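For reference, the structure is listed below as structure tokens.
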Amino acid sequence: MALRFAIPSKGSLYDGTMSFFDSCGLRIVRPNPRRYTAGIAALPDVEVLLHRPADIVEKVADGEIEIGVSGLDLVEELRGDRDDLLVIHDDLGYGKCELVLAVPETWIDVRSWRDLADLAAELHAAGRTMRIATKYQAVMRRFCVTHGITSFRIVDSQGATEAAPGLGYADIVADITETGTTLRDNQLKIVGGPILKSQACLISSRKALRNDPQVAQTVQTILEMVEARRRARGVVQVTANIAGVSVEDVGQRIVSRPELAGAQGPTIAPVWPRDAERGALFMVTLIVPQERVLPVVQHLRALGGDAIAVTPAQYFFTAQSETFARVMRDLEER
Amino acid sequence: MALRFAIPSKGSLYDGTMSFFDSCGLRIVRPNPRRYTAGIAALPDVEVLLHRPADIVEKVADGEIEIGVSGLDLVEELRGDRDDLLVIHDDLGYGKCELVLAVPETWIDVRSWRDLADLAAELHAAGRTMRIATKYQAVMRRFCVTHGITSFRIVDSQGATEAAPGLGYADIVADITETGTTLRDNQLKIVGGPILKSQACLISSRKALRNDPQVAQTVQTILEMVEARRRARGVVQVTANIAGVSVEDVGQRIVSRPELAGAQGPTIAPVWPRDAERGALFMVTLIVPQERVLPVVQHLRALGGDAIAVTPAQYFFTAQSETFARVMRDLEER
Amino acid sequence: MALRFAIPSKGSLYDGTMSFFDSCGLRIVRPNPRRYTAGIAALPDVEVLLHRPADIVEKVADGEIEIGVSGLDLVEELRGDRDDLLVIHDDLGYGKCELVLAVPETWIDVRSWRDLADLAAELHAAGRTMRIATKYQAVMRRFCVTHGITSFRIVDSQGATEAAPGLGYADIVADITETGTTLRDNQLKIVGGPILKSQACLISSRKALRNDPQVAQTVQTILEMVEARRRARGVVQVTANIAGVSVEDVGQRIVSRPELAGAQGPTIAPVWPRDAERGALFMVTLIVPQERVLPVVQHLRALGGDAIAVTPAQYFFTAQSETFARVMRDLEER
Amino acid sequence: MALRFAIPSKGSLYDGTMSFFDSCGLRIVRPNPRRYTAGIAALPDVEVLLHRPADIVEKVADGEIEIGVSGLDLVEELRGDRDDLLVIHDDLGYGKCELVLAVPETWIDVRSWRDLADLAAELHAAGRTMRIATKYQAVMRRFCVTHGITSFRIVDSQGATEAAPGLGYADIVADITETGTTLRDNQLKIVGGPILKSQACLISSRKALRNDPQVAQTVQTILEMVEARRRARGVVQVTANIAGVSVEDVGQRIVSRPELAGAQGPTIAPVWPRDAERGALFMVTLIVPQERVLPVVQHLRALGGDAIAVTPAQYFFTAQSETFARVMRDLEER
Amino acid sequence: MALRFAIPSKGSLYDGTMSFFDSCGLRIVRPNPRRYTAGIAALPDVEVLLHRPADIVEKVADGEIEIGVSGLDLVEELRGDRDDLLVIHDDLGYGKCELVLAVPETWIDVRSWRDLADLAAELHAAGRTMRIATKYQAVMRRFCVTHGITSFRIVDSQGATEAAPGLGYADIVADITETGTTLRDNQLKIVGGPILKSQACLISSRKALRNDPQVAQTVQTILEMVEARRRARGVVQVTANIAGVSVEDVGQRIVSRPELAGAQGPTIAPVWPRDAERGALFMVTLIVPQERVLPVVQHLRALGGDAIAVTPAQYFFTAQSETFARVMRDLEER
Amino acid sequence: MALRFAIPSKGSLYDGTMSFFDSCGLRIVRPNPRRYTAGIAALPDVEVLLHRPADIVEKVADGEIEIGVSGLDLVEELRGDRDDLLVIHDDLGYGKCELVLAVPETWIDVRSWRDLADLAAELHAAGRTMRIATKYQAVMRRFCVTHGITSFRIVDSQGATEAAPGLGYADIVADITETGTTLRDNQLKIVGGPILKSQACLISSRKALRNDPQVAQTVQTILEMVEARRRARGVVQVTANIAGVSVEDVGQRIVSRPELAGAQGPTIAPVWPRDAERGALFMVTLIVPQERVLPVVQHLRALGGDAIAVTPAQYFFTAQSETFARVMRDLEER
């Protein structure tokens, strides 16, 4: 039976998932844009299902689906005490947003979470309860408990949460935001930092990973490609031609500044001279971090380097996949 | 305190509500397009609140809001046994859609609701339960009970319901549709006619109407304008110049065909002749149904009519507002 | 059997037809935007078919379809010697375009059709033939014959005709244009005036009109509504209150300038004085051409007029439909 | 020689001008959308020129152009001491915006213009000058003088003025705004009310109006149509059928509530009964303000009214054009 | 004289051609987006002409144009018996579509081409002829002949073919489709598989290739670049650092699994150690198929590999161009 | 204090700057799309300010900003005699446009700048002055002086310059254009070639570069990356496997055609044979210009090459940055 891999069915999480997996060599192809099943050529045994992000968390936790992509915010909100749910990659790099607390602009004296806790206590003393509109009920209950807000009422809000204070059915809101503009337009101001930083994540379940070797293998393939793709953004291959008397001579001069000599050192090969009159040339190849390109270039130039080409890699694998190793450790720990 | 009137905050119900009330002389003005409160110049005591359509049904039923616009489908789904909720206009003419039942195309033998009931029974006998994906749980439970489907399970679906059979978590779906294209694209076919025909409606509560004279008066104003606007689409004023010897002569000739003589008969006034040589002319004014314009024109022409102008009315009021009268009767009945 | 009425299936002729018939009270409703049949509520026996404009001309001429909307350019191009084809309205007011002749900008000495005829003769004398790219082959053959261009070759072009000289397979082009920009961008200039002025037209066939009373009646209905709608754009109803001693007094003063006294003279009715102290007032009603509104207003003001309201009519019928009368005459003549 | 009438060449003032003059029966037609001259069929002697709004003010003031449309803000900014410039209509109803003062959000203590004057004085005492970024230099100099801000420097800004404090080259800004969002996004807050409320206006010059009768006549035509169109939005014609024994009977009953009896009283005409058995009916016609429709309808119903049609006028003229009269007075006064 | 290379002038074939040739290093540049000639910097002797796809087939077959891009469907439809036309690349990878047969949904018993042949025979026996609407007349005639459909009539259709059965002028259709949605919306169902699978192709003529060395050379350049680009999508270069005692040691270990050792084996070069304490390292370079990246990575890791970079090539050439070789063979064969 | 780097705040210069610097590894990130400050991760000490292009020239020249991006046209127009302003890169490759002179189409005899000078003289003799509408006043004054146009008047035009002759306030125009379409639509024709070819450029000031080492270093970083990115578009790395008996053998054969042997000659490394039976193989690596790829491929094939991969570089640095060296020389010269 095919392994079920669920991805968000619309919105920015959908767009982000499609382009991210494409860039990882795991292109998701929908035969018909109005159907909700798809496939991945590189993973022929996997059936891709398009679901709402919240449903994906539920279904993976319940074992109906083996692997899924969702948002960290929804995992936090919906996981409850289902320990079986496992976040196997929490930094896919898209779908970023923050959960923040916002209060009416007119509450000039409320500037921190602490102020809010104090206010809730005062209201309670006066016989009132601070009402918080949010669709993140579980997250907010935990937040209030751990931040000393003891008297509050959660008002469920499935849309346009920022309107709640203006419409009169809540006092403050806890909502997802990017730039804060919508909050300001509704005359609210953010108090404190983000309660939760969210982005797209990959989830599975302990049971699926333990019982089904196909799941573990598919998870490994996905994690390998995702990790290699993300690493590749940070490193480049630099090649240069450098004059010298021998490989040793060139090698020693390059490693004289080890921090500019590549991850493990240069590979050096003689260049067959186009023009025999010129002295010996050697082609040097280095793998260096993206942000150190210019110092490396200057170092090579100082050694007489020329024709210095910088080439990005599409994927960059290390000796083992750290994310997959971590997943395996997590699995064994319990 | 201002009366609260809630309208849908987005989607086609929002657009429809904005343009419909505008055409009724009750233009809703939002001071800032990102805020959720608005006003109506012609109803200065009314505060307009923008809510999700489902919330509007709940809040009107619970008395938090006095009047609202929502969809009939949501009223049917959410009203439960809250008798206080009152649909005061059920034909605003926009937001039309139908709730239908759809089964996989491959179920060749299922062509009617009856076939479906039989199939559900067969499945039950074989130890299985027919799963129906829908977000109209209450409506569907009632439907199944009244149509002899005794063994079934409702699978809650808050989006992309049509994908449920293809994704494997339901057997059939009950969903809102317009052209059926999305259903066909997911290889489903509609069985039987519409379970529910829905459109935008105006709702209030018995309690609000009974206790607050301002609510009754606002409801009357809205219903008067809505009704007069909708009536005006069906009638036109026809004026024509007709030669004749006297008002009596012209009048008798026109009413000789009473079905073409306007609602209550023609108003006839003499035309002061621009050219004294010409015989006497009379201007005739008739109010006639839109669809009878051409026969009336032919009738007037046969009597020598010329310069026949057809003018639409913006509003057309009858001796009393029938919709408001019905609301008042509904209110007294219980 | 239903009468078949064909309208263009896409492009500006489609959009124009939909909105024009809507404004004439003959709204065309497509049950599904991807199907090619439609209906008109006011003409229940008519089936609307969506075809390509060229096919409509052919099918109406061949009797496969009773009535159609197409472009005059296509009628001219495709009618051939099919005398049965009848243009029953040639001025629907949309889909306007012109067929023009364009030559390379570098032909400085060619400024008129006459110059072109001379050039064609010169080329012929030099053993060459002037090649004209066009999709209006029949129209152009007639044009050349009647304008003294005796040596030419028509190059059929079903698209991007303006590219033909630049691409080298024609010398000049005859093409449909609106602003001439595309021609100029291809370094062509227009020579002479338009060969043909085209717009949307209504067509039928003598046979259909003669043999089928339903066709004649439907044609009459359509022409009546189209004509009344077009006339209504040119006239308005003016009402004013004027002080005076009697209807006669007011009447005589108004008709003292007959050109400002309405089509057939004013209708005058006494106003019941709101304030008995004020002298007698009369309400005057006039039907006047749209462009004479201001002089009429000034005339009425000079007579003491006030509260002068100008109201447009939606339809304006005269004693008989001139366009339908002409069609009937055309039919009898042969 | 043709009279020159300049309108804004792009932006919301362009769109507003095109649709406003169209609705006034003075449709502006551009033969080619990329050219900058146009015409008005109803004013054949007028040549329409498209200019930038600021140039229009300059050119009308300098007598290069006879009539123009621009914004009140630009007139205020650019008129200087050119008394010849005359605003002949200052309420065209579109292009509305406000000039406001905004300061950094962090200036908590600055809440009014008075606070700002105090701050400017303090800065001056400390050897600094408050810098105001604006493109309304003249308006702001006058504003500062009349509001006690004596030490300031105007920093000219022709775009993105709201960025000036953030970019460091001004302390505060005076800029045009609609919702204030852009200001808030740049962390500025509005202080005090609007300095200037602007909208589209019609301008001409004393010299042109005095010397050229054609200018005065064109101005009159434009003002008449603009005024009649604007008035028409406020009044409607109400007709109703009312049972009664005589015109007198009906008339007296209607004027018993003079505030609901129309501007000058009802026009009453007998309806020729379709059904002789029914008692006498009279058609009543009233001109009433738009906002009093419902009370008038209730009044007519109370008198037995039925078939009450409400029709909007397209134009509504009074005994003379007040705006034109005012322009003529302004002209004579100096 | 410049060689003429024709490409489609609009639609998806135009977009596809522009981006495909760009990706092949043969960017087509139009100096003016409204003109129909263009150039390719890398092929300075080539003049690019923009034509309709059908015209391109005709003109290449007739020798008016040397090389062209069109659709395989049009080549099949229009080539007739012109053997001179040569498809030199039939798999450019874009412009994909299928020609299918569709019948009314109500024809429940027709499920295959065989059923259709039977039905045609039955209709013929009953004195009727099955009408097939299509714009692929030649293709369909051949299809019918080879599939035993002996009684049929082709109805020419140049647009909206899917409407023909609903409009009544054909019984079935043969049309180009992508998802089948338009067919379903017109209540048709596809019968049998695709009659023809089409995509963009490159065409030329035997005569042009034989007579003009410039044509052969340009064709070779295009085919080389196209082929190298398409191959490059399937292979990647993998480099890794591997610890070992010598080149021989590393080489032997890598080729111990020849299927993971690259096309022809690894290139191995010593890494100059950044840190002399560490043992000898070697940089290995392999060219491997895209889909075998992960197994190769695992193999290298198993040998102690690290810093494994995967880099895609832009072009990948083999020892000779297979497509050009095939074209040359085709040319000689006749 | 942070170094200030100004970029255009909107239009095509903004878009071009954002994507160009992104492609150079200097991605500009705006935290809020409505604010006017941004940052560059790779240049942490640089504050990016968004200004109008004209303001950027002024502010860099005045020393308010250290480095900026603007258009060469604005630099030419606004630099005046401020020698401190330094164009440090004048070929960023985007924002290209030309300043041209255009006269009315009807001026048939004016075909060159010389004709224009003659005409200006004639007009002057006749007591008139040729009026030139432009927003490039300084450039045009210099142009007129150097081209013998001695009698002229510059009419300042800040928008829609091409309309000036048609509107009557200038005789000819000097304006920026791309395709000339707008000029032709206003019935103007271009005379002579471009007066000025402009594109995006990088500017700084002598003072900033001399006094602030941080400026010089940032300029160097930017120039290095820009230059390396631009160079990389012109070169590719070619690798191939070639059979041979030794490195020497392969090397000599490759350099036998030095023009196809790479910039400095091939790097040659032995391939460890996957299949020991096959003869010795060597991997050859060459850096060659993009446009010589095919000849190099053919050369390598002729030597038995296979598996020839072409890989583009992202950056290509030479022994030193020529643009930075030139800037340093410019700086010292004065």
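Letters A, B, C, D, E and F mark the chains in the order given here, with residues in each chain numbered from 1 onward.
The definition used in the following text is that a contact is a pair of C-beta atoms (placed from the backbone, for glycine too) under 8 Å apart; a residue touches a chain by one contact, two chains touch by 3 or more.
In this text, all values refer to a predicted model and were calculated from it rather than measured experimentally.
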Touching chain C and also chain E, the following chains: B, F
Angle of the C-alpha superposing rotation, chain A to chain D, to the nearest 5 degrees: 180
Mean-CA-position distance for chain F and chain E (Å): 37
Between chain A and chain B, centroid-to-centroid distance (C-alpha), Å: 48
Inter-centroid spacing, chain F versus chain C (mean Cα positions, whole Å): 53
Multi-partner residues of chain B (at least 2 other chains): 32, 179, 181, 185, 269, 311-312
Overall pattern in which the protein chains touch one another (line/ring/star/complete/other): other
Contact pairs between chains, per stated definition: A-B, A-D, A-E, A-F, B-C, B-D, B-E, C-D, C-E, C-F, D-F, E-F
Complex contact set, residues of chain C against chain B: 25, 32-33, 42, 221, 224-225, 228, 232, 235, 237, 247, 250-252, 254-255, 258, 261-269, 285, 287, 311-320
Touching residues (chain side chain B, partner chain A) in the complex: 9, 32, 34-37, 49-52, 64, 158-160, 163, 166-167, 169, 181-182, 185-186
Contact footprint of chain C on chain B as seen in their complex: 179, 236, 239, 241, 269-275, 278, 281, 283, 290-291, 293-294, 297, 301, 304-312
Residues of chain C defined as touching chain F within the complex: 179, 181, 184-185
